[in-house]
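Scrolling down, you'll hit the structures one after another.
In the two complexes below, chain A is the common chain; its partner is chain B in one and chain C in the other.
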Partner chain A sequence: MADPMPMTDSPITTVAPGWAIVGLAILGVLALTAAMLDGALAARAGGGPGGTMGGLVRPFGEAARLMRQRRRTTVEADGLLWRIGGAGLLVTAALMVTVVPLGEWTIFDLDVGVMWFNAMDVMVWALVWLTGWGANSAHSLVGGYRFLAHGLGYELPLMFALVAPAIAAESLNVGRVAAAQDGLWFAVWMPVAFLVYLLGVAAFAVWGPFSPAIGTDVAGGARAELSGVDRLVFEVGRYALLAAGAAFAVPMFLGGGAGPLLPDWAWVLVKTVALLAVLVWLRRRLPVFRPDKFMEVGWVVLLPAVLVQDLVVAVIAVGRS
Partner chain B sequence: MLTDIAFWGIGLVAVLGGAAVFYVDSMARATYALALSFVAVGLQVLFLQQNYVGVVTILMMVMEMAIMAVYMVMFMGMNPALMPMSMVHGNRTAVAVAVTTFLALAIGILMVDWPARRGSPPSDVTMALGESLMGPKMLVMAVISPVMVATIVAGVVLAAHRTRYDRLGDDLKQRPADDPQPGGVGR
Partner chain C sequence: MDHGGHEGHGDMEMSPGGIPLAEGGEDRDGLEMDVLQVRFGPVLPHWPAGLVLRCSLQGDVIVEAQAEVVDGPPRQEDDVIGSARGIDNIASLLALAGWDDAAAEARRIRDTALEPGDGAAGSELERLRRSVRRSWTLRWSLRGVRRLSDEDAHARGLPADAVGDTYDRLIGMLDRAVAGVAATAAGNTGTRTNDAGRTLSTDHLAHLVMGLDLATARLVLASLDIHELLAGQAEHEVSHG
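Let's turn to the complex of A and B:
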């Protein structure tokens, strides 16, 4: 039998599988950075002991608290599906970043890397719903359904937003898409796709405007019954998804590792952290989208807008060739 | 060697996942057992170097199962989706049909003289598959696609309980529309 997944000739090098541990560590540091920044912003907004600087260490305190917390059990819970849902977010985020090139290196140089990322972000649908379902609790089930309702609104615009860079680069390989932005970043000339993509990232991280699935009005929603380490893993997974989304935006829209002075890999990290900071900051700046209302926004506003964007990009791409 | 083990291992997961659909007593477990089975099939397709087809299979099937979960809880009477229930019906007929089909196919596989491979796989297998499936029929597909979309839209319009006159008034001038479920953009 032939080797699976033959690698196309692409501008980047595939590293040995062992480097996946380094990739995972980078993802962990990025997620922690996002959590610390969010802690600092929360402390600045809401006060509390230690002030803004004290907020930076909040994630550590929260992690310590959750690791000591006793695991809550519910009656007739579907334990298997519940655990898969809660722990799956982190796994999904890790699988997403395998196709993101760090400068010239990548773990997994799949010729359809863009589709791979898309497939992974759809996994989040299943996982959040399973988290809501597994606990056998009304609030968490409502949270799971709210997420799917949001999903029906954001997923198609997100998919078509990913189509734009792929058309312009004439490739679904992430390295090629990054290399195609010679001099002019895709974010500059396809701003609608970029913004819709960022909205999608916030959505699959159940972040900011898309947090009704875990809203306080349903006692924490999908994660209502998660406690202790399970809750810690779920939250880490959300931050990791946010970080993975920001990291994927770099080769897709922000020119990959291109930049002066610093080496490629450093630019990828700098851009990722910058975008991640923006996403974390926006959490408190945007109103929450009600799932039932956002559905119409997604289908009547975002989808046509991003389709027009795709058309413009396609016409330009045809004109160039 | 390792590739072979992985391929057969994933194949086993696909078959067991498919069997689990009929074994479990929970709608959620059945749904996601089916999703697991499809994901395993998608991974197998990756081994056949059909990367695009494989990844799309994973994407579509996970999404489809998630949406199925929405509708099964929403629309199933007496909400069995939330309670344990048997996943089989017409059990005896189904078993008989399944066993007969399996035997027929297995005998077929063993009896047929398998031809030797002629030629070698092209460098881009996905492209070759697309061209052999669609190549000469691209014009037909390009014509049929809009017709199919138009059919879907027309079907929904005809089936919809409320018309635009209900939404926008007799002179179609009522803004915002009178919807039982107000949308997000205030049309």
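Let's turn to the complex of A and C:
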């Protein structure tokens, strides 16, 4: 940390656009891994046929079921906005990972990669809201409202959590942020920002404690009326968002591809999967954070905490330069 | 979902697709906000059997509610069924609080409790009670939700174990379930009689949820062990006319 960064032009190479397909495939595999892990954990908790190993194949059965299911329609649904909302989550996740460097390769080497990611995660607000609104049903509408209520609680802390690594690296380029953690991961000396970031990931994936928008108590909320392939795409989108959030944490907080023995790209994947596993496991441990209560936590606890974190990081960064 | 309850409003031009448009109404903060008429009934998962709640919603806040019961006459339940029902209510409350694993665990224990013999349900239930008590997020989530004082409970005709907030009532349900399973295991069986004290008027029930948002209202309803209350009420009505 003490020795100054050699400022090269950029530590990473941009690959040809065609490689985006590989990126998408990796995202798909990560999402599937998360779904299988969740299935196994659910099977372990609830018993049921097949046991834990049976849970591993649960996502495949569920996908097959949804692909055969006939689409349900609701009266006077706003079909276009509804579809945009449901399918948009997957698109957003795909756009997020375009700026995550896999070792030394990336699809977009944006100077403002951190802001790009942040812009994408804000898009989730609109998408979940549209999913809730489009179906023209009270339950899904309530789900949409709730997501916005949660959003008010988590979004600002998440933004300021992303600011911390950017200040320390003096760059908004994701590759430079990863390279700036020479020897000491940002997760280690900015733990508050890291934890708040992880809460944000769970929140924009409508995951675990942040899932009241699709909660049991509103009959499925925003996704209540989604059926068949639409439902499948929505669920895949949520897992993909969780995977994309975990992947982005690697260059931001976990030292990117740095690690012994394995090549860079492998370390990125290993760290991503590990973080993804933690996020999947977390959901089983906690009840949901009710939006009305969480908003208070977001503004009174998380936001000040992460601002103090930013201040500390800024003071250290100034002292170093 | 149901869009009924608006029969007086037959103007089809104002009702695209046969659904009457939401009408404006004063919100709590004095601004006008659309009012949705929604009926919640037994088709909802984790909803008390037989209860129908007609609500006026502004956003997700229940501004007005009417409750009715469409259940048949109460069935005679033996202790095994009764305590399984109690555990089922616990599972519902945990599921509504969004704690899937604990809810799944409770459902599993309910199934064990229904099987004759081995009495494993007791120790598993004890373990569930411990893990529920340990969860500070659950306590944070349920503390202070519709706190009822002794007088409130008395005025609304609720039993003494409804006193406290939703968290207290959850712990009470768990305590009762543990005691119930223990009694069954000790061979203390017999036909369950509904305690005459455990009755509830539907008007009071509707009052309990007014002004709450949908999720909170459902937590409150689930915490009241309402099946037993409804059974009690049906008996009460029969005996009075």
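Here is the rule we use: the second predicted complex is superposed on the first by the 313 of 321 C-alpha atoms of A that agree within 3 Å, B and C clash if a C-alpha of one lies under 4 Å from a C-alpha of the other, contacts with A are read in each partner's own complex, and residues count from 1 in each chain.
The definition used in the following text is that contacts are C-beta pairs under 8 Å (C-beta built on N, C-alpha and C of every residue); 3 or more make two chains touch, one makes a residue touch a chain.
Nothing here was measured: the structure is a model prediction, and the numbers come from that model.
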For this session: Quick one: classify A:301 as touching chain B (first), chain C (second), both or neither.
Result: first
Exercise. After lining up the shared chain so the two structures overlap, which partner does A:172 touch, if you call chain B first and chain C second: first, second, both or neither?
Worked result: first
For this session: Have a look at where A:111 lands relative to chain B and chain C in the superposition and call it first, second, both or neither.
Result: first
Problem set entry | Per-residue touch tally on chain A - higher for chain B or for chain C | B
For this session: Would you sort A:122 into first (chain B), second (chain C), both or neither based on which partner it touches?
Result: first
Exercise. If you stack the two complexes on chain A, which partner ends up touching A:216: first (chain B), second (chain C), both, or neither?
Worked result: second
Exercise. Touching A:155 in the superposition: chain B (first), chain C (second), both, neither?
Worked result: first
Problem set entry | First (chain B), second (chain C), both or neither touched by A:286 | second
For this session: Name the contact category of A:145: first (chain B only), second (chain C only), both, or neither.
Result: both
Problem set entry | chain B versus chain C as contact partner of A:133, first or second or both or neither | first
Exercise. Is there a shared patch on chain A that both chain B and chain C touch, and which residues make it up?
Worked result: 145, 289-290, 292-293
Seminar exercise, completed: In their shared complex, chain A is touched by residues of chain B numbered 3-4, 6-7, 26, 28-29, 32, 35, 46-47, 49, 51-52, 55-56, 58-59, 62-63, 65-67, 69-70, 73, 121, 181-185, 187
Problem set entry | Touching residues (chain side chain A, partner chain C) in the complex | 42, 45-47, 75-76, 136-139, 141-142, 145-146, 209, 211-212, 215-219, 283-290, 292-293
For this session: Show which residues of chain C lie in contact with chain A when the two form their complex.
Result: 1, 3, 16-19, 36, 38, 44-46, 57, 59-60, 94-102, 104-105, 107-108, 135, 137-138, 140-141, 213-216, 218-219
Problem set entry | Touch list for chain A against partner chain B, complex | 1-6, 78, 80-81, 84, 110-112, 115-116, 118-119, 122-123, 125-126, 129-130, 133, 145, 148-149, 151-152, 155, 172, 289-290, 292-297, 300-301
